[in-house]
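Next come two complexes built around chain A: one with chain B, the other with chain C.
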Partner chain A sequence: MTGRHPDARVVKRKRTAAQRLRHDWPLLVLALPVVAQLAIFFYWPSAWNIIAFMDYSPHRPFWENPFVGFAWFQRLFADPYFVPALLNTLKFAAAQLLLLFPLSIILALVMHSVVSTKVRSTFQSIVYLPYFFSWVLVVTVFVQVLGADGLVSNWLMSLGGDRMTFTSNPDTFLLLAWMQWAWKDAGWGMIIFLAALASINPSLYEASAVDGANRWRRMWHVTLPGIRPVIILLLILQIGGILSVGFEQYQLQRQAVGYQATEVLDTYVYYRSVIGTEGASFGTAAGLFKGVIGLILILAANKVAHRLGEQGIYQKS
Partner chain B sequence: MPDSSSAPMQRRSLFKVAGLGAVGAVGLPFAAACSDLKTGEGSTQATEGFDFLPEYKEWPLPAEPDLVGEPPASPSAFTSYPEPVEGITEVPAGTGTYEITVPFWGEAPSNDDTYFAALRDAWGGTTMNLRQADGNTYADTSVQWLNANEYGDGILLFGWMLGSHTSFPETVVNSFYDLTDILKGDISERWPLLAGLPTQSWAQSVWSEDPADAKSARLYGIPSTMSGGTGNALFTRIDLMEAAGIAMPTTVEELLEACRTWSDDANGKWAFAGVDWIVPQLFGLMGDDGWSWDEEQGKLIHDCEKPEFTEMMEFRRTLWDEKLIHPDAPTGTLDGHALQVAGTTLFSQENPVRWYEYAALVKDGKAEGAIAPLPPLGAKGRKPTLKASTTVDGWTFLNKDLSKEQVEEILDVANWCSAPFGTRENELMEYGVEGDHFEYDASGNPVYTEHGSKIVQAPVNLKQFSGKVQKFLTGDPEVVQAHFEFNEMAKEYVVPSLFEGVRIEAPAAAKSAAQVLNDQQNDIAYGRAELSTVPDIVATFMANGGEEARGFYTEVYKSLNEK
Partner chain C sequence: MTAVDIKPKRRGSNRPMWDEEPSLVGKSLKSLFLIAYAAAIVVPLWAIVATSFASEEALNRAGGNLLLLPTDLSLAAYHEIFSGGALTDSLLLTIILTVGGTAFSMVLTVCGAYALSRTSSLLHRPILMLVLFTFLFGPGMYPSFLVVQKLGLFNDYLSLILPVALSGFNLIVLRAFFMNTIPGELLDAARIDGAGEFRILLTIVLPMSKAILAVVALFYAVGYWNIYFSAVLYTPGLETQPIQVVLQRMLMSTQGLPESAAGAAQYQPQGEAAPTAALKMAVVVCTVIPIVIMYPFIQKHFTKAVITGAIKG
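So, the complex of A and B:
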């Protein structure tokens, strides 16, 4: 084997831009579609956030739209329905973070422990296929099964019981929403953790087993540390999107349980800006507020991750 | 014959209507930039008294109606099918291809069907492809299509859809073709049927860049039909009522008793699948945009401020508490039509179009019995009140990017589409091709084939592309007779609109507050909030936009009624 001496100093040759271009052009070409996609569909639309500071109308030349400073933000924060929507959003976000995120990890660990390939693939399919169902279908299935005129309710009625009001009860909507998330999304989250689990070196399990570690000790000392970077990464990303808890699920069930229980920031913007008549600037201001809060949270969470010795979403320089 | 000179909207002078400009001027953000938000302040538009409209030239009807009503509250009707005559002897040759966005409800018919090919050949060769979008979401999504100029060469919008738009007048003057120069004056030579449309229809198709400046008013839309009539009603399965020994209710109290007699929650039978949008009518809450003039208080008051509003909420809550309404009604996802056909529910809130549809279903063996509207109902001994439509159903707006020649070609098609009942053109439009989409029955009435039911019977496609010279009740003779009689009976209860002769776009805050009020009504109606909270939701509405709207509408009212 030939190789560099460990003590040998690496001499970095300075290359000109032209040399680097000549050397790296295949990589640059490969990256081009992604850069173009991001530029066209993300950065260019993001630039239009400026209309949050304008009294914008699509029918005027852009430069003729008057700047109104933070007037739309003032209107947003003064709206009595904004704070309840924000609080609902935070409530659902917390529930997703505390009650759904760990469920995906638990599912992945359970799946990882199943030895039979047949059982594993069957279980995996059952658990993650609902992810591909639309929210319309998910809500419909829940109404058909758990609704007031649904299967369970009619069965209870035949036994002399009362009708269920589970799908139209605002007091239990959080539980209903959690059941829907669990059925629809937990399986998909599981896939990512399964991929992380597959990357753990099996010899670590063997070595710990030889050292006398039982199943729980192996999980605690090998499995969880092995997927910790992925958990942290996904946690930070989840925290960054904390104000984006979904839309269709709440919009579809708004009439059934009432707006107080279901109004989140995205439905608030929809009903105010699209269905209502507040206009694009108002909706953009609300969206920008969400974005800024998300950015602050993601940076804060990343900072905490660095302090705990994790890589986070980007390498600490 | 409809004639602008006899139109009821002429009762106010042009001077008074022109005064509206001052009310609406601030609603349009055409002014120079400033730091105040102008979006959504509301606007008004006079819809009478213009001198640049198409000159009315009567287009003689090919057949006289069997039942003569008093349009618009009671349209005339045909109970027999007249031998259709050719309405347009010479059609202009057209070669263009255009795309028009229209709403549909149900299954969208294919543009490749022989029906559309026959229409194209009949009107001279111009191809009109339809972009058919879901009618349930059409109003809201049309806002985005218009903002992005992605609606093809034209778009059909019904009047009730305008409420979804912010500053719709601004959209109109910036997005749509100004038809004034093409249609001004005598157009009877090239477009005799368009010239035969009521002047009132054309006047309602005018928007202004600046409502304060009468000179900025221009003609932007091709008006749809003025259907008239009293509109929505509460329908019942009369066969089921008879079988259950329930008499036709004549008051709201009797209606409630009928609901109690019919409903059996344990066995899956309920009186209603939903009542939300018909129930205000039962309690006389028929304000224009919710507002009506109170003589005693000397001011405009909103429906929710009246004692009848609380009565209405008590009625809705009783339906829920006593299990007289389907338990899944709060989901808003019930198929009320299917439930009524199945006999699961007895009553339904409907447009009268459903009357004809149900009769067709029965003839096809797909439903049993019959439906009929309940007579106008009043509560606590009060006289019922109804509103009759005095406006066009909607408009087709053409894209401003079209050339004059293209617009003229499309108007050729619009002229053809305006042919009234009794013409061959109308028969082709309404029933399709004989032998393919319809057959004549023994009485000589056209009856849809299965193919025709799927393709032609759809309520929209090109039937509302431009208005008919005159609208009649037509179709199943028995239903037409009953519908005509209902309208004749109901016109006694029709109250005039407070703001006739003006089109109003409410301030955005009022629209948002109304949305919340509606949500809160559902909370009370479905047991999520107590009846005792009615005063609270009214106070919330007034504080969050209601009072602002009162001021706005009061200005409009004063402008129209100044001595």
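So, the complex of A and C:
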């Protein structure tokens, strides 16, 4: 069709590296900035993780820093602040998975069932907007509305109630965090699921309706299987990111709520090591622990998805 | 089809023929859910805009920090923001960071995505693997911080752009678009006519990808506009901070809580009077407005361009 020689593929394979270089050098030049960027700001710092196994000091030449094996990791697990930070991280990740994920699906299903395109696009625009707001903005909005001097608090006080302490109460911080996710991020999940819903062939609905399936049975037998690949894809990414719940949301509310309730692994590294008294090796060990666990989890989740016959995040090769 | 189509449809409804009308209870529950959700987003934003235009007296009378209805309008807060002080500097800095950062990010991403869209080229697979691995692993906060220090970028505005300049996700989305949407025959024809790769990229590929390029650029722009963490980590010592950091300092200064965390001291404003609620909300409005302006465009092209590229590509 393209007029290629039938043996084009064979001929291509026979070209030597020098010939390919002569032919492909413009593409290599185009790829060079990306390779340089990744080398400097991704792979170079990744290589610096070696100092998690050294007693690193910036004041002596690199090769004079002695190797200490897993000593920093032992120290990490013995640190009384580390395990609570790890447990908090897991708690927030689980809460996101168990509450935010179904909420995004429910929002998408409800939105999908709205027939009027006008109503649909209006609501879609509103719910999706806060996804683009910064965490500083989201926390500000929550303090202004639900804080001690906020809108709701003032209204309650004018009715004779007490001042609200919701935005500074460590006991209810998980609920506050969940409301913030629902406010900021549920719209993003909804958009992705809506796109998946739109890709389901409408004749499947029609056929099952003709066969007598009511709306619930159609949802169970057509809709949910239709969005299953997307659900699994997002689930894998969520599981891989289980130790990366973010930094800003927790750092921003640390002062108001206290560190016990808001400490997660990222804030732990920042406050203990980057601006704290623990050195570079300690902070690097904590970060490497997070990175390696994340890598293992995402590969394992992907493997399970393949076993279940799903595509996962990358194809089996 | 023909037999059923005779039944008249309710006017204005595009509900398909086979779909039964939902019950009244189901319908009202659904509407209630959607209206409550939308109100939880719209009402606070409205109150913020209203408060930013409120005068000091109106706020004192209301006794709170948010108003639903401003009684006497005042532009004092906006006058203070744009009168050339620290807030003006911060807004200017954030605009420069956003424009410069987005331009740099786009050059990187477009070149990389085009180079990697040619699957038969030399070293294609290893370079692609270099990009894809960034999805699986993070180098960690401290090593990244060390590298910024070693490069001499600590407390330099460049450290707010360079470390975050490339998003592997955006690159892969753009690459999928180049591969799936631009006909290979067109590129082959140009090549036979003697056009080089740079010319093909500039004169054929880029003009055909305007919509997705705009969406990717807007995603980068929103990222740079919202920069907070990088500034806390890499440029804590600089006088003029990005607008998000300034907003955070204003928020902290009025929460009036005792310090509970080591290291929080550096974010406390130095002895300045607490900003009025109107000024704070006016800063919030200024940080929201660019997003709201960019938003309809992202909305229009996002689902079409990015989602289909990411999920199917």
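To be clear about the criterion, the second predicted complex is superposed on the first by the 261 of 317 C-alpha atoms of A that agree within 3 Å, B and C clash if a C-alpha of one lies under 4 Å from a C-alpha of the other, contacts with A are read in each partner's own complex, and residues count from 1 in each chain.
Going forward, contacts are C-beta pairs under 8 Å (C-beta built on N, C-alpha and C of every residue); 3 or more make two chains touch, one makes a residue touch a chain.
In this text the structure is predicted, and so the values were computed from the model without any measurement.
When the two complexes are overlaid on chain A, chain B and chain C occupy overlapping space and clash. Shared-chain residue A:D149: touches chain B and chain C both. More residues of chain A are touched by C (comparison of chain B with chain C).
In the superposition on chain A, A:T140 makes contact with both chain B and chain C. Once the two complexes are laid over each other on the shared chain, residue contacts for A:P61 go to neither chain B nor chain C.
In the superposition on chain A, contact of A:I275 is made with both chain B and chain C. Legend: residue contacts after superposition of the two complexes on their common chain; A:W72 is shown touching chain B, with no touch to chain C. Once the two complexes are overlaid on the shared chain, A:Y81 sits against chain B while remaining clear of chain C. In the superposition on chain A, A:L129 contacts chain C only, with no contact to chain B.
In the superposition on chain A, contact is made by A:R163 with chain B only, not with chain C. Looking at the shared chain after the overlay, A:A256 reaches both chain B and chain C.
When both complexes are aligned on chain A, the segment of chain B among 222-230, 240-248, 330-338 or 492-500 whose C-alpha atoms clash with chain C is 330-338. On chain A, the surface patch touched by chain B in one complex and by chain C in the other comprises residues 140, 143, 147, 149, 153, 168, 254-256, 258-259, 271, 274-276, 280.
Interface of chain B with chain A (complex): residues 29, 32-40, 140, 143-144, 147-148, 164-167, 170-171, 174-175, 265-266, 268, 326-328, 330-333, 508, 511-512, 515-516, 519, 522-523, 526, 528-529, 544. Those residues of chain A whose C-beta lies close enough to touch chain C in the complex are 2, 12, 17, 20-21, 23-24, 26-28, 30-31, 33-35, 37-38, 40-46, 48-49, 51, 107, 110-111, 113-117, 123-130, 132-137, 139-141, 143-145, 147, 149-151, 153-154, 168, 183, 191-192, 194-196, 198, 202, 205-206, 209-210, 214-215, 230, 233, 240, 244, 247-248, 251-252, 254-256, 258-259, 266, 269-271, 273-276, 280, 283-284, 286-288, 290-291, 294-295, 298-299, 313-314. Interface residues of chain A, counted against chain B in their complex, comprise 55, 57-59, 64-69, 71-72, 75, 80-81, 140, 143, 147-149, 153, 157, 163, 165, 167-168, 170, 253-260, 271-272, 274-281. Contacts from chain C toward chain A in the complex involve residues 12-16, 18-20, 22, 30, 33-34, 37-38, 40-42, 44-45, 47-48, 62-66, 68, 107-109, 111-112, 114-116, 118, 120-123, 127, 130-132, 134-147, 151, 162-163, 165-166, 171, 184-185, 188, 196-198, 201, 222, 225-226, 228-229, 232-233, 244-245, 247-248, 251-252, 255, 257, 259-264, 266, 280-281, 284, 287-288, 291-292, 294-296, 298-299, 302-303, 307-308, 311.
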